[in-house]
Amino acid sequence: MKVEKIKQNAFVKKVGFNRIVLIFVLLLMYLAFGALTGGSFFGFSRIMNTLNYVYFLGFLSLGVTFVIATGGIDFSIGPVMFCCSLVSGYCLTTYGVPMAPSLIMSILIGVLFGVFNGYLVAYWKVPPFIVSMASMNIAKGIAAVFTKTQSVSWPQSTTDDGWYRNFINMNGIPVGLFIFLGISVICAIVLNKTKWGRYILCLGSNEEAVRLSGVNVKKWKMLAYIICGTLVGVASIFFVAAYTTVQPGYGDQYNNEAIAGCVMGGTSMAGGLASISGTVIGVFIISLLQQGILALGFTKEYQYIITGLIVIAAVYSDVSARRRKN
Amino acid sequence: MANKKALGKLKGREAMVLAIIVAMIVLFSILSPTFRTYPTLVSVLDNSYYITLMALGVTFPLITGGVDLSIGTGLVSYALIGGFLIFQKGMPVGVAIAVCIGFGILIGIFNGVLVAIMDLPPFLATLCTCMITRGLGPALCGGFGVSWPSSISADGGFRKIFKFVTAEGTVIPIGIVFMIILVAIMSFVLDHTRVGRYTIAIGSNKEATRLAGVNIKFYHVLAYVISGLFAGMAGVAYAATYATIYPGAGAGFELDAIGGAIVGGVSASGGVGTILGSFLGVIVICLMKVGLPFIGLQANWQQIFTGIVLIAAVLVDVLKKKKD
Amino acid sequence: MKKKVLAILLSAAMVVSMAACGGGGNDGGDTGNADSGTATEDTADAGDADDAGSSEGGNKGYSFQMIVKSFQSTYWQAAIKGVEQAKAELGVEVEANGPANESDIADQVQMLDSAIQKKPDGIALAACDTKSVVDSLAKALEAGIPVVCFDTGVDEAPEGSVYATVATDNAAAGAVAAENIFPVIEEKIKAATVDAKVRIGEVNQDATALNIQQRGQGFIDKMIELCNGADKKVAVVGNEFYVNGTEGAVDEKEAEVIIEVGVPAQTTVDLASTEAQKIMSKDDTIAIFGSNQTTAEGVITANQTLNKLSTDPEKGIIGAGFDAGTPQKEAILNDQLIGSVTQSPLMMGYEAVITLAKICDGEEVSDIPMDGYWYSKDNMEDDNIAPNLYD
Amino acid sequence: MGEVILTMKGIDKSFPGVHALDHVDLEVRKGEVLALMGENGAGKSTLMKVLTGIYKKDSGTITYEGKEVEFKNTREAQDAGIVIVHQELNMLGHLTVAQNLFIGREFKKGIRIDDKKMNEEAKKLFDRLNVHIDPTETMSNLTVGKQQMCEIAKAVSFDAKVIIFDEPSAALTESEIEEMFKIIRDLKKKDIAMVYISHRMDEIKVITDRVTVMRDGTYVGTLITEKCTKEDIINMMVGRVIYEDPKTESAVPKDAPVVLKVEHLNAGRMVQDVSFELRKGEILGFSGLMGAGRTETARALFGADPKESGDIYINGQKVTINNPQDAVNCGIGYLSEDRKRYGIVVQKTIAENTTMASMKDFMNGIFINKKKEVEVADQYVEALATKTPGVDELVVNLSGGNQQKVVIAKWLTRNSDILIFDEPTRGIDVGAKNEIYKLMNKLVAEGKSIIMISSEMTEILRMSDRIVVMCEGKKTGELDISEAKQETIMNLATREIE
């Protein structure tokens, strides 16, 4: 038994340690960028910019965390997010649907995609990877067909309908941050303290065993995708709140960044092991990176490359850590 | 002879896909008179070359139970770098092509190392490479779009590899001939050589293959190298077909190829699949790409249909499994 | 465990080092462009021999930020070239940057904000999307940083934030294309009847910024006007956005002339060419217009298989493009396209910087409208055209 | 007795935190079968893996045919003539038998693989061992037993001088074991040395010449098989006698109520018209050969696999069971033979696994009552004497026996009255086995009822009150323990085969 005791401590440490290192990295990066951009990086409005990116990316990451916890994957989130705000935005601008319903609609569309993905994965056993591919195409297609391939601009803050933009920034107060952290906490509770999270994590680790314990795994698996869909819907609101305009046919790059943030946070692609706090930190790292790269006058390309490399590093450390444990 | 039976099953799948292709062609021809013309056929092929090449390559990682998402953004950045060399550095086209393919192989090796040696989940590893390649091309050649020499220009000869224009201006899509040859070669490689045999073996039971004394690391890496190699060739095909290569494009190309392979009966869980299947699958995807606009549907419908077809293709397998 | 820490530190280190070289590059003068993709090297190669000589010219020592839509299309290389010239003449710093892709709206907004925080003497902006930059412009106003819009105007910009706009009148530019195509196909249009319709195609990139929309619409409206002039009724079919957006069009049945608008699902040449193909492979098509570089190249690509384009309406389809780039220029020289409309990216870039400098000198500035020039085989060499025909 | 072909001296091997092998010695002679015995984790497999180059030894020497050797990988060992038949089957399901046999050493014509020749060679090989397998059959279509045969055939096909069998019989039916023994004897004649790792005493007695025993990574001693008794061996393995005699008569009163009644259960080829009753407080043994359809019956009954027809009555009430949920709600619990896949969630803690089946009793509001969870888990760790530092231990870190206990705890927490034990002691070492047996007896004493599926005759005879025998998916007999003899069961189990 002594042996196992040691292993277990190592494991506990791993989980805790992980976060510490991440936060350390985060600060390190912040300082590095700050230094390199001659202080201008520490400005308040710079922080607000970074947050703008954090919000929608954060919700995407939170969502996909649940899916990855089940051992699945969803990389339709980016296009689906755009689909949400395009379709509802088009209704808003063209069919004169009032703001509030449009926002709700955004979320509902997200939920619908969640149901679609979840149903196919859980009940029809279609590999998640393929479902993602499919619903990615479908989301892009629907959005484009619906908007007649025109981009949609949500109202400016100055207009009467502009109030929705207060979600992220009400005269200087980063409301969005509070909402985001609030929802993160809820997610953390759901994942760690409730039956939902327990089953989602367990079936991510060994689905058959959970099924034979008399648990309706299909239901819980589907739930994970629905949660993801919902959060994607929320993300779409925060995206338009930050950038007003969305256009059909895009959004892929956000999949990668969202998944990256989540994996960096120590959520294991193998499933069964997920951490909301990690995801949140991961998202901050990604956003800071994006912000910093731009601030340094690099183009997006460099961000792609660096993000790619970082995620590889993160995953490799996760893999090798697990290999050590077994 | 169960082996025959197994073969038979796949043949069945290919036959099915072939039937779908015929059905689509008939349908489109009925609905759109302009579709049933020689040029359209040619254009379907034109659109298919680079996707086909990707699909032929990516079939190998898929059969090992992995996947390669980096091919789409990859091929664009290879083509970009090639074009950059021709125009900014005034290098001959031949060199550009070589570089294009060379880069493909390099990235292939990189993927291989990540997946086979560092043991990362293929999906995630290649997703990262996808990001990296997406940045690589533009980063290396300044984020500008470049165009390879056009068919009329002196050294535009390489475009004739895929499409030969006779004096009277009739177009002969000789590209398809090469595709068929490649399909033949790769089928042979997959079915009758160690490379193919071990690729399947790895997809079937990696540990067992290792214990059988096979150098799985090598063959596993090789699968990704093949995929990279073909991505490089796809880069050339793309440059040969389209006037200008724009950076940032290419995201999503891989899905057409992988989708095609899946439609063609390659199992997402590895161990099963044929080259011919992948090839036919790609044709289905390309028919939709080109065909749907002809029957008066806006281009965007194509994406929706691609999605649906993909799901359908997999559901067929799922249901078949349910049966036996 | 160690491995994990190591790996993460490693990646951190990587970030820092990446950043470091960026920073290194940054303090150097015009390497701003270098960051934004070695633009300077390119343009340096691409000519501007006098650049070196005249760089000692006037020295105002202003530093400007320039945000372009992207460096994707060679169009922007020309713009940068113009900027280089202005820099050389005025001896000002210009740091240019732009998203990887004309549709990375979010990125551009971020870049604009970054630019503002760098507190430059002025910002030149070519907005990918005219709506989403509005807030940032307001920030610029607060920070008291003058903004000059080039290539694309921002209508809803907060009062006083944008000092001047250096942009092509896209509607007019689109019309130019129509005006030049019409005479060639006039006979055919005259000959057209309700039963024997003729078809004019237009391939339009999915319009994010207004300018391409306006361009497309400008072409359609002008064409309708001209056709009505030849008392033929016109119907617009294809992409609903334009079908609904057009006045003076009639129903497809009673029209003699049909304008078909194709919009590719995404801004990629392959999809553009598919759209072009769809239109060109119809027997009654007599002309086709690609309303920007990508779509024009789409038309050319489509022709590689169809081989239908010709400068003679009797022999085939009349093709016209927009902007420049090697493929188009070759196509024109080889009688595939009868011509194309170019804006003056070089001048725009140039003017934008000049205007900023003026603002800093406290001079009055006003909008500078740029024309779209029609160019064809005959006038490609002219002095007012040639410099704008970038590769 | 032939001369020594292989000696391992002072082999030492440590893994992070574990001293797996502590100066172990081993000596194998030509033409003998050497049994290598020891509880799970005694280091048998590790030792063999060191020998065949899967692991690298820390110290010690391996002398093979007079020369000191060290193999870097299985391939080298194979080439030298030392081949291992692995415990877990190493099949490539998508390839054919022949392709499997020659994987890694295909015959080639130029760059082309010569499948035709491979099939012929495979055929020859099977004829030599007189087993009947079609070389062109796809591997995944074969029965476990047949696959095991292929493994052995493969081993033989590297004209090996030393063959190591790592629990080869674990997955074999009695008849297949017989077949295998034939092959082994045959190989002995060919002067081939064999190391035979197994838990099954009776086999050891039958087939081996000498027995080397290991305990906790150390060498204990070697015995001549004829000259020793099971007890001797077991004593060396565990240091205490635990062997018990078969039950003689049922402990269940004749009038005990029927808690479970299954009528005409049908589920595919493996379950045809199976009917039986289970009484309160009874252990109903399910005997039969591997692939007789016992597990399938259990799974169909439990709703894990779809069933075509059949009625199930719980305490006289007819119930419908379409999925595990229904079954669990009817108070049935299923302990699978393959714990790691079907029993436990290895990456989770003991507590989490314990409450898996009965979450709803551990909720207050929408939150999980972790405190209660831990309490209950603790109770069962007490009650079942699970060896663990605490209930927050990850199950992956427990030994097989203790994992089994966690699964049992799971069902007790759900207080299921009917427990299906499928091969409850597979892969569990002798000591822990005994504890599980005690536990089962305790459970029935408390009024639970148990269906026990087991391939080990001794286990069946020792535990069951009644025995149902199955063969080829049909129920071929039902015996009271008092009338059950090994022979009677055997020929019920094999009736239809002959």
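All chains are identified by letter, namely A, B, C and D, in their written order; residue positions are counted from 1 within each chain.
Just so we're on the same page, a contact is a pair of C-beta atoms (placed from the backbone, for glycine too) under 8 Å apart; a residue touches a chain by one contact, two chains touch by 3 or more.
Just so you know, these numbers come straight off a predicted model, no measurement behind them.
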| item | value |
| --- | --- |
| Topological distance between chain C and chain D, in contact steps | 2 |
| Distance-maximising chain from chain B - centres being C-alpha averages | D |
| Pair joined by the larger number of C-beta contacts - A-D, B-C | B-C |
| Distance between the centres, which are taken as Cα means, of chain D and chain B, whole angstrom | 45 |
| Chain A-chain C separation of Cα centroids, rounded to whole Å | 34 |
| Touching two or more other chains - residue numbers and ranges from chain A | 140-141, 144, 148-149, 248-249, 253, 299-302, 304, 309, 316, 324 |
| Interface hub residues of chain D, defined as touching at least two other chains | none |
| Sites on chain C at which at least two other chains make contact | 36-37, 71, 98, 100-101, 104, 239, 263-265, 267 |
| Touch relationships between chains, expressed as pairs | A-B, A-C, A-D, B-C, B-D |
| Touching residues (chain side chain B, partner chain D) in the complex | 1-6, 188, 192-194, 197, 200-201, 203-205, 207-209, 211-214, 271-272 |
| Chain A - residues contacting chain D, complex | 1, 3-8, 11, 189, 193-195, 198-199, 201-202, 205-206, 208-216, 272-273, 324-326 |
| Partner chain A, residues of chain C touching it in the complex | 1, 3-12, 14-16, 18-20, 22-23, 25-26, 32, 35-37, 71, 95, 97-101, 103-107, 109-111, 113-114, 116-119, 129, 131-132, 134-135, 139, 156, 206-208, 213, 239-241, 263-267 |
| Of chain D, residues touching chain B in the complex | 54, 73-75, 78, 86, 90-96, 99, 103-106, 108, 111-113, 115, 134, 136-138, 141 |
| Of all residues in chain A, those that touch chain B in their complex | 73, 75, 120, 124-127, 129-131, 133-138, 140-145, 148-149, 248-249, 252-253, 256, 259-260, 263, 269-270, 299-305, 307-309, 311-312, 315-316, 319, 323 |
